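Heads up, the next two complexes both have subunit A, just with different partners, subunit B and then subunit C.
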Partner chain A sequence: MSGKNNASVGSRLLDLVRSNAVPIMFIIICAIFIPMSGLSNSYLINEIVTRMGRNLFLVLCLLFPIMAGMGLNFAMTLGAMGAELAIIFVADLQIWGIPGVVLAMILSIPFSAVLGWICGNILNMAKGREMITGYILNFFMGNGVYMMVVLYIMGSIIPIAHASIMLPRGYGIRNTVSLLHMRQCLDDLLAIRVKGVKIPVLTFILIGLLCLFIVWFRRTKLGQDMRAVGQDMEVARAAGIKVDRTRLISIIMSTVFAGFGMVIYLQNMGNLPTYTGHSQIGMFCIAALLIGGASVEKASIGNAFLGVILFHLMFIVAPGAGAYITEDTMVGEYFRVFLSYGVITVALIMYEAKKRMVKSKAGQELAEAQVRAGKEAAK
Partner chain B sequence: MRSKRRMLFPALTVLILVVIAAWMLVIGRGHEIYLDNKTLEGYQGQDYKAFERVVVTVKDKQVAKLGKRERGAAIWIGQDFKMTLEITEKKGDEPVVKEVSIKLPYDMDGIIINLPAYLAGLPEEAWLTEFVPAPEEPEEEELPGEGDVFGMEGDLGLEGELDAGDM
Partner chain C sequence: MTNNSAPLLQMQNIKKDFFGNQVLADINFTLGAGEVLGLCGENGAGKSTLMKILFGMDVIRETGGYGGDILIDGQKVEFKTPFDALEAGIGMVHQEFSLIPGFTATENILLDREPKKKNVISQVFGDRLDTLDRKEMERRSAEAIRKMGVEIDSKMVISSMPVGHKQFTEIARELSKDRLKLLILDEPTAVLTEKEAEALLSSIRSMAAQGISVIFITHRLHEILAVCDKVVVMRDGHVVRDVPAKETSVEDITRWMVGRDVQQSAAAQTHGKVQGDDAKTVMSIRNLWVDMPGETVRDVTLDVKEGEILGIGGLAGQGKLGIPNGVMGLYEAGGTVEFDGQKIPLNSPRKCLDSSLAFVSEDRREVGLLLDESLEWNIAFPAMQIQDKFLKKLFGGLIKWRNEGAIRDVTNKYIQELQIKCTSSQQKAKELSGGNQQKVCLAKAFALEPKFLFVSEPTRGIDVGAKSLVLEALKQFNRESGVTVVMISSELEELRQTCDRIAIVSGGRVAGILPAAASSEEFGLLMVSQVI
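Let's turn to the complex of A and B:
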């Protein structure tokens, strides 16, 4: 009896390890790297808290498309672009501080919503291939449309008043737009210090509100519809759910929230890298979510929190650890980029392998059942 | 009735957002304010002498300690600029503290305020001027999509030039 119990505990433990392989792997990596990096605990905590405030909102916005079965929204970058356009206008209007942040968030809504609508419609035409389509769409919009608007149309057709943000040639926006008067205004407003660690309370309140919204939204009719669509599109359609509309809404919501998240991110950074700001955002947010134990079809708020902590902890300690191991600081720098891309690859491979395993297991069970039924019929 | 109600909610949301945005535009306008402690000469035939020393405090933070012919700077969000001045008119005088509130013009980014002229109660044209930054030397910026992004150095990646002999 106890042997049976031990076996079931062992298999349960194995299942637990198997289903949380990615976060466990990163916890081990971080545990090894932290002492190697030589960074103090207070420094690490300070950095992690800052990066949580900066990135969590962006990572959380990835949950909506996953809920609707659309996988990881690589096109969340479109929301980031919408926010960047809004920030450029706010910088040109010289609106500073908290009003600047609020105005940028409001202005980002139409940009993000329109981009999200375009993206959602395209993804509806590419059902089953949403991630790769989103990824390529992100290139098309980011390296094509966005760059054309910011580099050529702004200043020539769209009026830009301030020379400080415009290129010397008279049109186009500079490589970097200073957000000095907006820098960390949200983080500093209700900030408290606990043993030297600055906690940006207001930013965390906003993140908390988004979490509450997600929890509430899951229970609404639309949230239930999204989950139904995510589980099985055909069954959802048969149940009278407008599948395409539901998927479109999930992408628009994700893009609009990504816009808000990008404004929070940029106010923390204090400057806008006009042409590169959005390019890595999607990749890093997706990597963080996957490290937190999420998969293409299942993600939770807990995954987002754990992922941001682990991913950024690795990001902070990797250069130091790399330098310690190889005595070359550049290796650490490459190492963290390698890990962030690698984790996406590994997680996607693991997801696909698991999916195939489940499928083949189901096929085997079906075949066995058919053989059994055949034997019984022969008897 | 139901469709009207369904339309009302988004319309109301948009309206609220527009109102908030407009409000932010008004209360969030940032200005750079330059405070001059310089003699204003010959305004309507009269000179307004610079003070011996002026200590400027904005939002409980000392931003400038100005001697004669000196300039200080402060940043301000909104149009109602408030500051506290601790003025020592002449050497050996006791400093006098004054609370000052100035309505700033919305359309100016940088504003120069001449303190002696302002405190003498002169009209706005005498103490307020727009700060126009000196034109900068245009600097070259490497923009995305410009230059040799693929590292081909103009030869499309081919080593050496092709000529008929290679064919």
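Let's turn to the complex of A and C:
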């Protein structure tokens, strides 16, 4: 009997490791890289705190679609675009400081909501393929619609008063819009220093409020409906829950909060890279969430916090570690890009594999046989 | 106008055809308040279709609606969606569970009908942002469970529940609706243990006493006699009998259902072959454990002799289903299994199929069938993939073509042998009724021409007529092809009709092996010997 018990303890431990494999792997990587990078602890802590303030809000937005069973919301980029449009208008109005940030957040709501509504409706037509659809949609909106609006329509059709943010040719927005007068105004207000580490208290309060909102939201009727829809759309529909509408709301909420998150992100950076600012946001936020131990169908606030810390710790130390190993900083740079794409790929593969396994092992068996037969036929 | 004399439900001349294929004709019956109506008939007799019409399911409207009238309390109604039917006080528990796996029983019972509390935010943004009133939810679900009269844990998550409790959760959900006047139960006892089924029957009685009418569909005829006020028997889309339950018997109902005499309880017949100790052991299982939820196998040691039919019986949840699932590699397992003197690696279904083992799963919808494919594909696919049967080779095997002709021949052969009711061998598997799907699963395994066949619950959810056909086909397959068959079933009677020896599993272990001729008392004792 005791042998069996040991085996079950062992297997439970193995299960624990297996289900947290990704965070554990990254903790090990960071533990190896930190001494190699030669960076001081206070520098690291300072950087991590700054980056948590900058990114956490954005990462938390991803939780709503996961709750509704729509997977990782690659289309959260749409919210970032909404925020960028809002920031451009605020910069043009020359309203800076806290009022500028608040105005940008308010202005971003209609942009994000409309974009989220479009996105949600499209995703409702593509049930079961939300992630790839969202991903392509974000390319189309980013490289197509957003660029057209900012590059051609602004200044020519939409009046832009200040030449300083416009391209010299007279229409279109410059590659970089300076937000110098807005830079870290949110972070600095109420900021405190602990042993040389600046803590942006107000930003963390906003993040805390979003966390509270998420916790509260799970207990509302809508949150309950989202969880139901996320687990089984057919059953939820049979019970009378409006499935499509619930999914739509979850995407709109995610997009609108992503807009707020992007405003926080931009005020921290202090400038707006007009055409590239949003392009990596979705990817990096998703990578961070996954590194925190989330999966496509399950994610918590804890995953978001842990993920942001680990992902950015790796980001900070990787170039130094790369230089230490190969005397070439580019290797470290390459390494962190490699890892962030790698972790997303692995997470998606694991998700698909698990889905298939759960659906039916025998079905998988048949599918494999089919592939084999296909290969044989191809020979 | 309230018409007290009108019965709760009247069905008048209900007709239904699926694209010219008449499945229901002239259905008439009435049901009073607080009455229990037993509906029985062979698979494909039209019971499910009739209930779908009554419940306003989409599939009926999509296929052209129905003819005839449904009257509730004397008023003609026409349900366009199931929600209309719910509104009118009709609840239905389907054969397939409709539950959210990650929710607790309470959350499922009150799904989309949760009691809510207002708050500031919901005043502004609408009532979907009301918070759930968990206390009230617990109270309401506890009340529904009490009304049902069967104890289930309201805080347990559905996915970790045994199958019977899922069924009770569904029933409690219907009972928690205040308007409920008529409850349709579609084969609710098929997945229950005998004790749970007993509990359900008494709960049906108490529902009826509270004025709720029940339509009870089942293949277990003695249950109908035990609880129903009247029995409606259907055959080939017609109501052939509508009689009070008191005036009939299991034999009568069986005769009406199949339209011929079915020989029942041919138990203890001798099979001619008496297995001596000298018969070769074809499969030996040593210390097998299987981690199958709800059917855990702890330590099974079992020898199967060549050419016999070995039955494995036992109560639900004691692990009898785990044995084939573990040996065939569908659930995580350990121990050693030798087949024909060779060790079989566990947890690897392909290896099992390669070594001429075949398995007809109890879970025919998930594991057994490609529902969207034709019967031909379903029957021929495994044989084609695993054994290269039904393939024409070109260029010395470089290119393989399917041999459609051979596939059709073999499919038609099995359609005839097993009397599968279908329009043609091209029909999709999902369009068949439950019993006929089961026959297709068997045909699929037969087409593999295995040396060894596991059959798990071959008669679950099948009517008496089909049952004897399936059992007969198994026996014939065993006799004529010399295939060793291991049959797992919860129904002792059919094991005794079919098998040479019967092993009884209790508490995840083999409690004992008896010849089929042993008395029911001996089997009964073994069944409960090690129950956990």
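We adopt the following convention: the second predicted complex is superposed on the first by the 358 of 379 C-alpha atoms of A that agree within 3 Å, B and C clash if a C-alpha of one lies under 4 Å from a C-alpha of the other, contacts with A are read in each partner's own complex, and residues count from 1 in each chain.
The criterion applied here is as follows: contacts are C-beta pairs under 8 Å (C-beta built on N, C-alpha and C of every residue); 3 or more make two chains touch, one makes a residue touch a chain.
Quick caveat: nothing in here was measured; it's all calculated off a predicted structure.
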Tell me which partner A:L103 touches in the superposition: subunit B (first), subunit C (second), both or neither.
-> first
Is A:K221 touching the first partner subunit B, the second partner subunit C, both, or neither of them?
-> second
Which of the two partners, first being subunit B and second being subunit C, lies in contact with A:I95: first, second, both, or neither?
-> first
Go through the superposed model and pick first if A:V346 touches only subunit B, second if only subunit C, both, or neither.
-> neither
Answer with first, second, both or neither: which of subunit B and subunit C does A:D232 touch in the superposed model?
-> second
Contacts of subunit A common to subunit B and subunit C in the A-superposed view none
Quick one: in the complex, what on subunit A touches subunit C?
-> 216, 219-222, 224-225, 227-228, 231-232, 234-236, 238-241, 359-363, 365-366, 368-370, 373, 376-377, 379
What part of subunit A is in contact with subunit B in the complex they form?
-> 93-100, 102-103, 106-107, 109, 143, 147, 151, 162, 167-169, 172, 174-175, 181, 275-276
Please name which positions on subunit B make contact with subunit A in the complex.
-> 17, 20-21, 23-25, 27-31, 75, 77, 109, 136, 138-139, 141-145
Given the complex with subunit A, which residues does subunit C contribute to the contact?
-> 82-83, 98-103, 107, 111-114, 116, 122, 127-132, 329-330, 349-350, 353, 361, 366-367, 370, 381-382, 385-386, 398-400
